[in-house]
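Two complexes, one shared chain (chain A), two partners (chain B, chain C).
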Partner chain A sequence: MTQLASPRRGATYELQRGYRLMMVPAILAVGIFAIVPLIGMFGLAFSDYHLIRGTSWEFGFRNFAKMLSDKRLMNSIYVMASLSFFGVAAQVIIGSAIAVGLQKITGKWRVGRVLFLLPYAVPHVAVALIWLSLFTPTLSPINAFFDLFGITVPAFLTSQSGAIFAIVVADTWTNFPFAMLIIMAALQGISPDLEEAAAIDGATRIKTFIFITLPLLAPALLMVTLFRFIDSLKHFPMIFVMTKGGPGRSTQATNYYAYVQTFGNENVAYGAAIAVMLFLMAALIAYYVAKLNQRVTT
Partner chain B sequence: MIDNSSEFRVKRGLGLTMMIALLVFAAIPTVWVLILSFRSPIAIFEPIWESPTALTFDNFFKITRSDFPGALMNSFLTAGLSTVFAMLVGVPAGFALAKARVTGKFLASWVLLLLRMAPPVGFVIPLFLLYVNAGLIDTYIGLVFAYMTLTLPLVTWSMWNSFAQVPDELIEAAIMDDANLPKAFLLIALPAARPGAVAAAILAFLVAWNDFFYALIITRSGTATAPVAVMNFISYDSVDWASIAVASIALTLPILPLMAIANRYIVQSLSGAVKG
Partner chain C sequence: MKHLFTTALVGTLALGASFSPTFAQAEEINVVMFGMPFTNGLKELAGDFEAETGIKANIDVIGQDVFENRITLSFTGATGDIDVVHTPVIQVQRWIQAGWLQPMTDLVSADTTSDILAGPLGAYNVSGDQWALPFFAGVGLMSYREDLLEAAGAEVPQTWEDMLEVSAKITNDDQAAIALRAVPGQGFNMFIFPMVMRAYGGTFFADYEGGDLTPAINSPENVEALNVYTKLINEYGPAGAGNFNFAEVNAAAKNGQIAFAVEGTGIISQIVDPAQSKFADVTGIALPPGGPAGRSPAIGVHGMGIPADAPNPEASAKFIEWAVSAETVSKIALAQSFPDFTTASVAENADVVAKYAAIHPDFLKTRVAALDLAIGHYRPLIPEWPALGQAIGESVNAAINGLMTAEEALEQAEADMRDILGL
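Right, the complex of A and B next:
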């Protein structure tokens, strides 16, 4: 390769210069649209900017110090962790179960896949509104159905744990198909010979699944979990639509809390400081994913 | 060896029951929205089995008289424009990142991923202050610029992955044959990566189409997108559930064909990262 290229070193140099030129618009655009706001976010986080009062141009760590003793922030982290943990777990488990189940379904019934994929296409605001209607006792057909048997379904949106449950259900409904799609693709990549060989060696179905299939699915499961976890840190439309952070302040996840501090309490600097904390968390995860992906692109 | 023992049949029955339960979970909200959208206002709080014939098309006509159709157009316009801009800038950059021999590629991939993953609240706060001062609140250009923070990293990142799968030899051969770089890019590399480009464009459009947060902060009534405008059906003392159902359908229908095309590529682009 190098021998071929060496008589044309000038051409190679030209080529690399061409590549760099092609990157310039993107570098400029990312710089303007993304890096400038990021610098702004960090600047605000160290300031005392208030939407009405403005700023005294004094910078310091006061917002971060305040975060340490902020009980509402602690609650928001608890809510975020609950939403992430239960939501991601439910999505991965349900998505995998359906992927494994659909594998055995062949022929014309395969069209049924579409039914499982449809929730993924619904925009999050619509998802939130639909589930809000299903969790509204006076409207919900689920409540009406159980009423037929004399069972009263509790009003979920009036307690913290109930409201978290409701948001997890809505989030799971729209996102399990993502897990399902990825696991289905990974299952197709597993040679049936392996499972047959295990069966011939006398392994039961469950043993085959646990010791043969599951380890081969591990990379896909890791990727799905990571992607869903990152997304779950951004919870906003469902909280905004279904609970408005309530009852009280009990379902203000951290992302939502930063919004409330900034635009509700007009404490822009403090909102930015919380955003910085979330940003640093995302940066850590993104670093890990970039490392995972490096093997593919280079 | 066919396993027909009773134990196996019990297990299969359990599996089937579970699949049906999950199907019900997946289908109930969809069926419910369809019912709700045809429900006449007087019967909306009655269970469907008590008044199964109280259905009407009025809800669909009613919504055309609201500001929702205009909001749908705003959504198309801003999502479309931000996708076009992101493709124009991001596709060449993805190509260059995949093929150039430059240092800092890992940093680039980290930054692109981070921009995709970071919670938007951090971008929105400074953008909002900037827009207030620059008079960009409630303008199309302001919203399109804001969406570029979502679409550009997405397009660049996925095109980088797509072009990485186009063999280097193909590009080198074209350049040896006296094609210049723009020619090799447009005539050789881009056609080879076309499925990836289609997928990137669709994903970018969907991200902007689904956005609620940016539009909530930087639009007012003039340029409100459909996800924000749908909230107008909730007023302080009542909720127009039928219109919400119709609006939810209107929000979902346009993207169904896009999803059908993109599904395959979503899987491919992600399982690319899965292969160890």
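Right, the complex of A and C next:
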């Protein structure tokens, strides 16, 4: 026994060592490109690094204390929450509806699915430029069309709610395919037998969807909502291109505000502190997603 | 395992061998600029510089929006990867204070500097040193539609007060009168709004020239100016004008949607160019309106500087001297829409004069008149200006879009200024 077991353990050990070695480049890449900057960001957040005023490299909690009384930060959190809530809700609802619709399409028309994926492939800056022109009354073909019938389309980008709506629309347009993809995959995992059984029992299509399909989709829906929510904390390109944070400061989401503090006001330390806050929020949600994922898969 | 390491070692050596010839390559410099007619023209002439000097210039022209981030990261990281950098005059004090630029006083010849307009050149002379050489001086001008003025029986407005009256006459359901930059930003609405501020006697500080930098943005003069600015945009501008930047103003003028544009020379020269606008033949050029305190056209100067960490400042200076030479600038002025040159002798080039006279006979003349009126510190030349301009611009935009009154907006701006200045 011992004679047989020994070489087998040796082979396994060799193999595992090989695998570990193969992981080295990935660990190095993550270390260099993610962990090192993250440590730097935490260090800056506790410092007094200012590009113009000068830096004495005194470390402390002053940036975090300042955050508590910063009205612009509170405003930015409110903006971020609005953008995230409406954006994620729209993306999940529209993505799911289209996924359910596309699932019923069979044959050669299945190719049409690709069409719905296209917005996801467009770079965010290009998406923002497209929607900026669509929401600018003097440039927009939509306004020109309605003008023909004497109907005036309101200027969305000049009011607080309108500008938030415009950014949510642009964000939804480019990100609903992500929700759609996940839900489509989840739908494929649901056995058609269940729907057939419900039909035999006399359930209508709507009832089957609400009482059979939807509960089975719940884990995927929750997952996609949380993933999109984490991503939505990083709102930037749409705001930068479409409104520059305006009107006034009504679309200055927290991520954009951190940028303004860092590159506009030169207050790198304070910008880093805001970024740390965002990071912790995202990490908390990511932790929850991981736990949830574990529960769903086991 | 042994094989794995041998393969890795051989691979590394092979890669190293294939890269090693790059060390023996000819001298190279990296130039980072943001997109303007001059920089686009310069990029096309990079081959001329290499032919003349043997130095290869990699000219990277990027969007103005991303430029700031690109260079801030490079400068704070002291990477030394930029040899020549686009240096807007409003940034120069900040960059000097941050230690991001090196002086070029001894690197450029008197022959070069003596051919550059004294005003723009002097703007880069700080504490007795020359920190950049200018290539662009844009000033605020006004374009107006002669046909619409005639139909309304009105004269070209000389003051912002006149502008309100004339705009009221022109505006109807199908025709807006004026578009002005409204988007927040020190280079956006804060390039145009100070023209109105200064016309009404408003200032940013209690006494900038006397050295008293106590914020004075909430003065009654500034409130009055902001009310005028807001009224012009909201009552006499096209729909959505509260989110306009220069691109939208330019498009609105070229599409005939407005009668007046008050813009920098770069945009005005396009609006009056028959090749670019179908209304060019009925569009005139004038000085921007003034007010009780006179007329103060906007001024923006751009130049090229040498970053502090640039490894070969001599090569950088050689490039800058070539770029602002009469020969290079004339070529760009002829190839691009670029009447904003600061190299004096280019104005004597008959082809250049003929080209811009053909676009509009009054163009060069009005530009010189506006340059004469413009004050160098139109936007304060202090290191904190970019942050101040951003904050004030946000408040001005909030007032334009009705989120707060002019008084409230400028009170907020005053508080932000104190915060940024650490007062």
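Everything below uses one rule, namely that the second predicted complex is superposed on the first by the 262 of 298 C-alpha atoms of A that agree within 3 Å, B and C clash if a C-alpha of one lies under 4 Å from a C-alpha of the other, contacts with A are read in each partner's own complex, and residues count from 1 in each chain.
The working rule: contacts are C-beta pairs under 8 Å (C-beta built on N, C-alpha and C of every residue); 3 or more make two chains touch, one makes a residue touch a chain.
Nothing here was measured: the structure is a model prediction, and the numbers come from that model.
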item: Overlay on chain A: chain C relative to chain B, clash or fit; value: clash
item: Contacts of A:233 with chain B and chain C, given as first, second, both or neither; value: first
item: Which of chain B and chain C A:243 touches, first, second, both or neither; value: second
item: Which superposed partner A:56 touches (first chain B, second chain C, both, neither); value: neither
item: Touched partner set for A:157, first chain B, second chain C, both or neither; value: second
item: Partner chain in contact with A:266 - chain B first, chain C second, else both or neither; value: second
item: Partner chain in contact with A:18 - chain B first, chain C second, else both or neither; value: both
item: Chain A residues touched by each partner, larger count belonging to chain B or chain C; value: B
item: Contacts of A:204 with chain B and chain C, given as first, second, both or neither; value: neither
item: Chain B versus chain C as contact partner of A:139, first or second or both or neither; value: both
item: Contact residues of chain A, present in both the chain B and the chain C interface; value: 18, 138-139, 240-241, 263, 268
item: Residues of chain A touching chain B in the complex; value: 11, 15-16, 18-20, 22-23, 25-27, 29-30, 33-34, 36-41, 43-44, 49, 94, 97-98, 101, 112, 115-127, 129-131, 133-134, 138-139, 141-142, 144-145, 173, 176, 178, 181-182, 184-186, 189, 205, 219-220, 223, 227, 230, 233-234, 236-237, 240-241, 255, 258-259, 262-263, 268, 271-272, 274-276, 278-279, 282-283, 285-287, 289-290, 292-298
item: Chain C-facing residues of chain A, complex; value: 14, 17-18, 21, 51-53, 135-139, 143, 152, 155-160, 163, 240-241, 243-250, 252, 260, 263-266, 268
item: Chain A partner contacts - residues on chain C that touch it in the complex; value: 1, 4, 65, 68-69, 72, 76, 94, 97-98, 183-185, 188, 238-244, 248, 251-252, 255, 257, 383-384, 386-387, 390-391, 394-395, 397-398, 400-404, 409, 420, 422
item: Touching residues (chain side chain B, partner chain A) in the complex; value: 11, 15, 18-19, 22-23, 25-30, 32-33, 35-36, 44-45, 47-48, 88-90, 92-93, 95-102, 105-106, 109-123, 125-130, 145-146, 148-149, 152-153, 156, 160-161, 164, 175, 180-182, 185, 209-210, 212-213, 216-217, 227-228, 230-231, 241, 244-245, 247-248, 251-252, 255-256, 259, 263, 266-268, 270-276
